[in-house]
């Protein structure tokens, strides 16, 4: 890190900061300009260390140099992480397609849509069993009954299943049924949950928080990895901006950035990322252009009957057309490479 | 809610939407303009109902009219809620001042600062016992040991204590020691946690999420209230914007808005809201000008030794000077009223 | 528009609003619910009209229903606008590629890069002649000399040229040399400039303001169109969010949205939209996936020697590789359609 | 500035960067850590210089250290700038109050409100003569006729007048009538306009752009000052965030920050900053708490008849009550100091 001293600071203050840096195990390099002294401090910088020096007399600001994440970084591991989800692989250069309704509504409905999306090209199934929503007065999910339906769908279709985990008390139950445990945007910084997910033997799909910087998002992955679980897949699902036509602003630059900064695979959710079914196909194609490892798309046989997220759900027909375009585009790009 | 139909939509689609509305218990009022038909639908609108109609053929958009929150609204309860926290009252027109360090670091240090802030005018004590932070490599808190120190400080100073609750599994333990349970910004939409806090008999301090709209924040309060606990205090602590000089942008317009839209008391946290100790006093005075019921301020006897949040902590001396100004300002405003 | 009256408002206030609406030429439809009265008002709603009713006694809020733009809307003109720029066409289903350096630095350098990008597949040339920047101490452009170099490049390469117009006093001069006049993000709401550009006979490339909503951006196009110039091309170039790894957050959902809401062509600028050369290719491919009509890319023969925007400029080699991928991808999508 | 080299970069690249730095007149200080080399470069850093080094081989990133503004900074001039506006002074420790309608609508109406606000305590008058708005279909202002009315109001009331300047071609005309020329939020980065305003002998009121960082805003002031005009007053008027209850989010932390970073006075506009008349008084009091040098408030004798900004305008009565509270609060704070 760099320590920028105030203009015309006296020598004594510089000496105090310098001593303290050495005390904390840093190597110190002093640069004295005409107006200002700055110190390069080489060593392990943590948030606490930065705050400590930021408050010392004579210090104007601390500039972090090295990224705060380690085990998630490309520097730590140069080859791409490949994550096994049931019988499928995420991160090997192909585009995996996770599809299904927002919430599991009933056994019959889920099976129907599961077979339809499989036929259309989906390689994993999604569906929510626990659905606490912004309003306490909305549908809250089928809970364990929903998890059982998901497990049955896996047996019947052969596709792995993805579902959300929202509370530390439910990890055991959800991990028993699901192939991939999704951490929702609202829980991206639920550190108790992240730590527990670091101790299980199932892969984790980590959605970006709606106002999380890319660095914070990678730090959340670091929590899981440093707690022992290296099977982490990132999921971009839109950030909150001032724009109101869309539910969120899908930040596709996150795709190449995550690939450059980390070794983790990344998928994109254009359904939550836009909130409008008419935008799902163009943004899914855009995500593939940006280089994602997969997509997660909400599909419902009858969006106007969906218990949640109807406005952003595709019909199985529209989903099928979209998958065809994705495949054609992906082939064209692969043939060039 | 209002249902706006597409331009030149055919009569059959209007009829279908109308029938469906009646089926769902809505009273329907049709307005047919030259270009467009809109329908006023009077009845209980939930998120699910809005999504249902948004996906019907011929519908362009749904416009919600009435606010989604009920029990938290001024319309539901016109007199202001007054919350009892230990022997102190929040929301009765006075400005309560919660002060203390970010984290409880040791018994000695906490007691020292507790007596200093009490002397300077603080009416409640704060301190964190569980401190999982953005980085998994930072200090994580003294946990139950920290809670015990807080409880001792209450006995010795006579001031009620506030501390954060972060996981459903810890509610029992934290509620045993604390007078006011704080829900942090990152947990504002942890619906499992909110629901459980609705079942306890201790007041809750609900911080605004860093990217939460005021409506979402009130909906989070609604979760707690509708689960049975009416003792909720709101806390504005800054939202995330593009501005980087400050850690967050303190949104003081939230103070009069919460007072107009709800019956709940609201306090302001200028320490997290700015991230810089030099901005704490001016923003605290601003918050009192805006009409808040209290302030929450980080104070540490030696900010450069603090284990966390040093850069935004006041010294006891600066805290004392600030309290004097707050009191003078508050008196001047009260004398006019 | 919809007028939502306050809860339990008295009949007299409803009558006054209703009379006033009729006075202003609106047809009024009254919906009286148990709790609330709302009025549908059919007629020409302007900003001033909305503000007028918002301040009348008993009114809680005004909800606009119809979009504020007219001549730019798909409803006004259902077929796509095709814009002729010199000998090239934008908006006919192909992807046009505008390339060149941020600033025109010298005749030699510009000609060199112009021929290189033409060879690699560019169909228009870009280059800035007026370059006032955030800092008054930076290079400010070659001014008219730069425009002359651009015009020479057109003659030598046969490609049309695009350059920025920043001040009403310069419109005559710039229009004399350029084929397409670019309005930069900072001038998107410079209404004096927009109005003057509505009176010339050259097409206008309208960049989105860094914090402009899509509606405001379309309203800016409406300014130009309603002043007499229908040749408007939209350009998405990133919006400002809290994310800092990228210079801006490229909002690709703007591409399908502009196509659905208006009849205007839209191109994407991944250079300004990301600020990092390593992100330009993936975001350009993403933009084509989203359905854009063109791209605008900064290319410099030696980015570390560029007088501005070096970090986001491609080399001619990287540009060539990117164009190949774009063409392969576009072909694959066109073959399917 | 600091140059951070890539991990394990080879010595040759370090040498090349180092040579180039010296060539550009920088003093270089090398810090070689185990993992990374960083270079402190002492000298004049401009945007162009930063971009140049950012693109050199082996460079990971450039970290600016010193602020880019000079003449506006507290370091350049430690005593506060005091600006003379007609017969009034801004920046001498008092709170000046600018009041009046959004637009000058007619001679009679303006005189009426001018006398009312003067009586209530206003010390300057405001009113818009040129009003191009987001919609080309709205009222566009009385233009020169409006300026004449403003000048008459000054003669009759003795109060200086403030009005907006929006186009370089109008500077002569507006400067002839007004005492203080306001640059609106949308023109904060209209560098042609800023440069011309640097050449006149009238003070300038510089509103913050709706998505401008504080640094960019100060750089805009630097444009004016470095062009020759030191009489600049800053005006905070709200920034764009995701929050929708308010028109903008008033960022009051800008008040102490501008005072700490620059020597310029700062006033606050709670009318545009909130967009709602019910929020104007609490936010005005908050602004005074934060330490502002003045307020700018929209007042209209009959807000529901205002041609623009009615919903955020106070009546003269409400304005008077607010001024009383402001004065009481200011006195209380001054007595303490």
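Should a chain be cited, it is by its letter among A, B, C and D, assigned in written order, with residues numbered from 1 in that chain.
The rule we apply is simple: a residue touches a chain if its C-beta (ideal position, glycine included) is under 8 Å from a C-beta of that chain, and two chains touch if they have at least 3 such contacts.
Because the structure is a prediction, the values reported are computed rather than measured.
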Q: Give me the chains shared as neighbours by chain A and chain B.
A: C, D
Q: Just tell me the minimum hop count from chain B to chain D, counting one hop per pair of touching chains.
A: 1
Q | Chain whose mean Cα position lies farthest from chain A | A | D
Q) Which integer distance in Å separates the CA centroid of chain A from that of chain D? A) 38
(Q) How many angstrom lie between the centres of chain A and chain C, each centre taken as the mean Cα position? (A) 31
Q) Quick one: chain C and chain D, Cα centre-to-centre, how many Å? A) 26
Q. Going by the touch rule set out above, which residues of chain C reach two or more other chains?
A. 211, 240-242, 244
**Q.** In the complex with chain B, residue positions of chain A that touch it
**A.** 46-48, 51-57, 68, 132-139, 166-169, 186-187, 189-192, 195, 210-211, 216, 219, 222-223, 226-227, 240, 277, 303-311, 313
Q.
Considering only the defined contacts, which chain D positions touch chain B in the complex?
A. 211, 213-215, 239, 241-246, 249-253, 255-257, 260, 273-274, 278-279, 282-283, 285-291, 324-325, 328-329, 331-333, 335-336
Q. Touching chain A in the complex: which residues of chain D?
A. 2, 4, 7, 27, 29-31, 33-36, 38, 40, 42, 63, 65-66, 75, 240-242, 244
